[in-house]
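Pasting in a structure now, in structure tokens, and then I'll have a few things to ask.
When the chains are written out, they are named A, B, C and D in that same order, and each has its own residue count from 1.
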Amino acid sequence: MFEWLSDLTGNQILAAFISAALPVAFIVPFVIFAVWLERKVSAHMQDRLGPMRVGWHGWLQTIADFFKLIQKEDIVSSEVDKKFFNMAPYLVFIGSYAVYAALPFSNSYIGSNIDLGLFYIIAVSGLVVAGILMAGWASNNKYSLYGAMRSAAQIVSYEIPTALVILAMVMFTGTLSLAKLSDLQTSSFWNWYIFGGPDWGWSKLLVLPFMLVAFLLFYISSLAEVNRTPFDLPEAESELVAGYHTEYSGMKFAMFFLSEYGNMFAVSAIASVLFFGGYQSPIGYIGNSLGISWLVPFEQVFWFASKGIFFVFVQMWLRWTLPRVRVDQLMTLCWKYLIPYAFVNLIIIGIISLI
Amino acid sequence: MKNPQEILEILKAQFPNLEFQLDASLPVETFIIADAMAINKISNFLAENEELLFDSLMNLSGVDDANGTKVKDEEGNETINGGTLSVYYHLYSTKIGHKITVRVSTARENPEVESVENVWKTANWHEREAFDMFGIKFLNHSDLRRILMPYDWEAGYPLRKDYKNPEFYQGMKVTY
Amino acid sequence: MKEYLKNTWLGVWTVLVGMKITFKHLFQPAVTIQYPDVKLPLPERVRNRLYVNIDDCIGCDQCSRACPVSCISIETVKAIPGEDLGQTSNGKKKALWVTKFDIDFAKCCYCQLCVFPCPTECIKMTETYEFSEFRRQDLNYHFSALNTSEAIEKKNNWEKFQAEKEAQKAAAAAKPAAPQQNPKTEGN
Amino acid sequence: MALKTEELVLNMGPQHPSTHGVLRLELELEGEVVKNVKPHLGYLHRCFEKHAEAMTYPQVIPYTDRMDYLASMYNNFGYVVAVEKLLGIQVPERVEYIRVIMGELQRIASHLVALGTYGLDIGAFTPFLYCFIDREKILNLFEITCGARLLYNYMWVGGLSHDIHPDFVRLTKEFIPYFRPRIKELNDLLTFNKIFIERTANIGVLPVDTAINYGASGPVLRGSGFRWDLRKNDPYSIYDRFDFDIPVGQGLVGTVGDCWDRYYVRVQEMEQSLRIIEQAIDNIPDGDVQSAIPKRIKPPKGMVYSRVENPKGELGYFIISDGSTSPFRVKVRAPSFVNLSVLGEMSKGHLVADVVAILGSIDIVLGEVDR
């Protein structure tokens, strides 16, 4: 994308800006959609109607809320650490936005097609922790501080099982590049890694159950990384009111919100790239069969987004079903359950990929 | 199962130098009148004695008997001088299944009653409430503060019959 | 080890059971309604804003005395002889001008205790439940049929009559030959 | 040089999502471990007892509604039973039956709120709304009967304010088969969920003798494994005629007397209440519900302590009459008030999140704690 743009405009800086701004064009509409979806999903699961007033079934509600948030007064209490307090929401947003740089929306658009894509994502999402800690500390509020501390412990811990699962996948596929991972799972859904990958043979059958386990482990730990129920302890409303963003209002609060929903899509997208073929269509492309080749990238974006949104939906589904775990149980789950399982899984997948 | 008369006999036998009375003049409930300064001892006995085993304090309530002389000052405010404040203990035995009501009375001017908190823990908050509402001081209570009213309420004890609503609370006008 | 695996299994299984239930509910019709557009039908015994049919009110003050929060305030003036106030719908003769019949709905607790003692069934609960106001004093409803000036007029009438009676009484006391006026007026 | 440490004091409430109203808890924390809990009450104090001294006996009833506003019907019940004892009047059979049915429906409604909000405290939002859907059905039954949904003023001294609606029996009979599967659904969704069990089992264990010493009653006491229900142990009204069990905590998933036991006792109690309603609904005798209401309620000089099994526990009214039309003294032994005093004992050494779980399992209503 960047090369194409720099050829088109003849200016590398301009091309870089355009290329970097494109995910915003995705994130903002996605967040608006996802917030609406969350409301409707929760409402219908609880036999309610949800927003119905603004637009058809309230689809404009989030936009209305967005305008409300923009207009709200930006309250900064006198006792906060102003520098950090103002910086934190943007840092959190940068952390989640940077992940989008490496997401392969289609084979012709990746913000930055780096070979170390997965590694980069794991590394850069650590920025979010810094932002949350900053927000919690700067708020000068005990509840916020508790939320931030919990959040830091949680995100750091859960990166281990995530990394272990990714390690297993890297061992099995032999690549760290997200684009290449997607390319490998081409043409049909039985080539997806959740079904054992594109290589036919007895190893596909053998690896299949372990891939399922790997996916579950990855999905659970990614839930914890984005602070969704049952792991939403940093903002556990019944204990900590709103956790690290208790003291924020207006646009700064919206930034936290934006990055939370952005993160939700990012981890779902990574799950779909790793296990569900990324941008690849499960049934083949209309563009290819009709001979309209320019249609293919758009179809790929469509599949990529719909897979991501499906997993986002599952996240919401879980949220409106489950209670919340306690902070020590969160750690127990991570260190005593997820990490051992991930290790065993890693070893087994390693052995299978060796033979 | 023991009726109040039998319980009274047991109490009298145990504490020969204390005064007990059985009041059956009022319908529905009869109660034992005991000494306010010995109620802890008596309660301990009531809770521990094998025949009585009153392990549960159902209710503890202060009452303003309003039996003193009513005095009117120049502005027409009525105050009560003299008389007594009472504390009623409603006891129940979950093991045997009998009940008894014990009443202690104390002078209105300096109301002091022994605390029974160490016998029944539930008395802690009930006694705080009685202190809050009537100003009855419970001796040896671990944490005798106001409980329902604000800690800095200075206008007296609301459930006394001669209580007057204050006009100001901490400098704020109180509207009714 | 067995405990460990059992915990894992229970964790996954009960989550799936829960997810099945919420998924089932996803497709059930909603129980909520869009309130101001759609309204639930009210049952016949519903207890909402009070209404006073002042034509039937005899000013007996029973509702006011039954009210636990004193939200009804009634003032009455006796009618002077010769004024006919008519009858209530169940045939009671009215003898009092109801100069003030205010119900403060900011205070009302909708307990319906005022409805039962009314001898003429003129105070009752209606179905109106949307009557919020921006100012608290607007919630004080005046049910009296007389406006302020009329009320003052009635009061003056009664006072004038009272004064005349006093004068007559004084006159009668001075001249004990003519005491016939008093018992007649008291009857009214 | 030793590092200086100090305990963190965290103020929970009066405005906090899970203190069930305006309770303020002062938590002394060491990390997230609770060292001490100090409840501060009184933010909702409305002087019920002082008010009652200025009211006539029937006028007190609307005020009793407002104490435990989730179980108003039962508060009425307790008060009228006490005043009837003082007056020495017998109420007609029909009234007794209707009172029992209403009381048990109210118990289900109150427990539904308790269970739903408990799920909310633990972090599950959805069961809360499912419980409210069912509670709404019960409130509809109350509404057709007396016209109010929350504060009923339905039970009067000697009778009832209204006879039951002609449709009431049919609708109640429809409600019972509807509600049984809903209890099962709640169990599947929340009660036996692994995360929920992990959060509540072995938390806030309350031994029986401590519970009795603290005067705990209702599901809090029964959760500790003590078979104690005033409907059986000290029967009032006509409860001795019905056949029902007293569910107690058995430590099914943890220790006897933990939060989960208290929660599960409530679930089982709803089933027992359904059983009572089933037995009573077909046997309502004919009669006039207002025939025994005295024209003028003026009890003789005397006093009474009468207690009933409110959904939250033992609700006692201590009424002293001086022979006039208004009571001389009314003291309410509010179950939530007494049960709440155990909180400090139960939550020592647990985490902040557990304090929320323990508080929720006590099921307090601040209107009753502060009166």
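Note that contacts are C-beta pairs under 8 Å (C-beta built on N, C-alpha and C of every residue); 3 or more make two chains touch, one makes a residue touch a chain.
From a predicted model like this one, the values you see are computed outputs, not experimental measurements.
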*Among the other chains, which touch chain C and chain D together?*
A
*Along the shortest chain of touching chains, how many steps lie between chain A and chain B?*
2
*Selected pair, greater C-beta contact count between A-D and A-C*: A-D
*From chain D, the most remote chain by mean C-alpha position*: A
*Determine the centre-to-centre distance between chain A and chain C, using the mean Cα coordinates as centres, and give it in whole Å.*
59
*Rounded to the nearest whole Å, what is the centre-to-centre distance of chain A and chain D, using the mean of the C-alpha atoms as each centre?*
45
*So, what's the distance in Å between the C-alpha centres of chain D and chain B?*
26
_Taking the mean of the CA coordinates per chain, how far is chain B from chain C in Å?_
41
*Please list all residues of chain A that touch 2 or more other chains.*
45-48, 320-322
*In chain C, what residues contact two or more other chains?*
7, 15, 18, 21-22, 25, 31
*Please list all residues of chain D that touch 2 or more other chains.*
126, 130, 133, 189-190, 193, 195
*Pairs of chains in contact (touch as defined earlier), listed by label*: A-C, A-D, B-D, C-D
*asked:* So in the complex, the part of chain D that touches chain A is made up of which residues?
replied: 8, 10, 16-18, 32, 119-126, 129-130, 133, 189-190, 193, 195-196, 198-199, 351-354, 356
*asked:* Using the touch definition from the top, list the residues of chain C that touch chain A in their complex.
replied: 7-8, 12, 15, 18-19, 21-23, 25-34
*For chain C, which residues are in contact with chain D within the complex?*
7, 10-11, 13-15, 17-18, 21-22, 25, 31, 43-47, 66-69, 109-113, 116, 125
*Using the touch definition up top, name the residues of chain D that touch chain C in the complex.*
55, 58-63, 65, 126, 130, 133, 136, 143-148, 151, 153, 161-162, 165, 185, 188-190, 192-195
*Show which residues of chain A lie in contact with chain D when the two form their complex.*
42, 45-48, 142-143, 146, 229-230, 232, 236-239, 241, 320-329
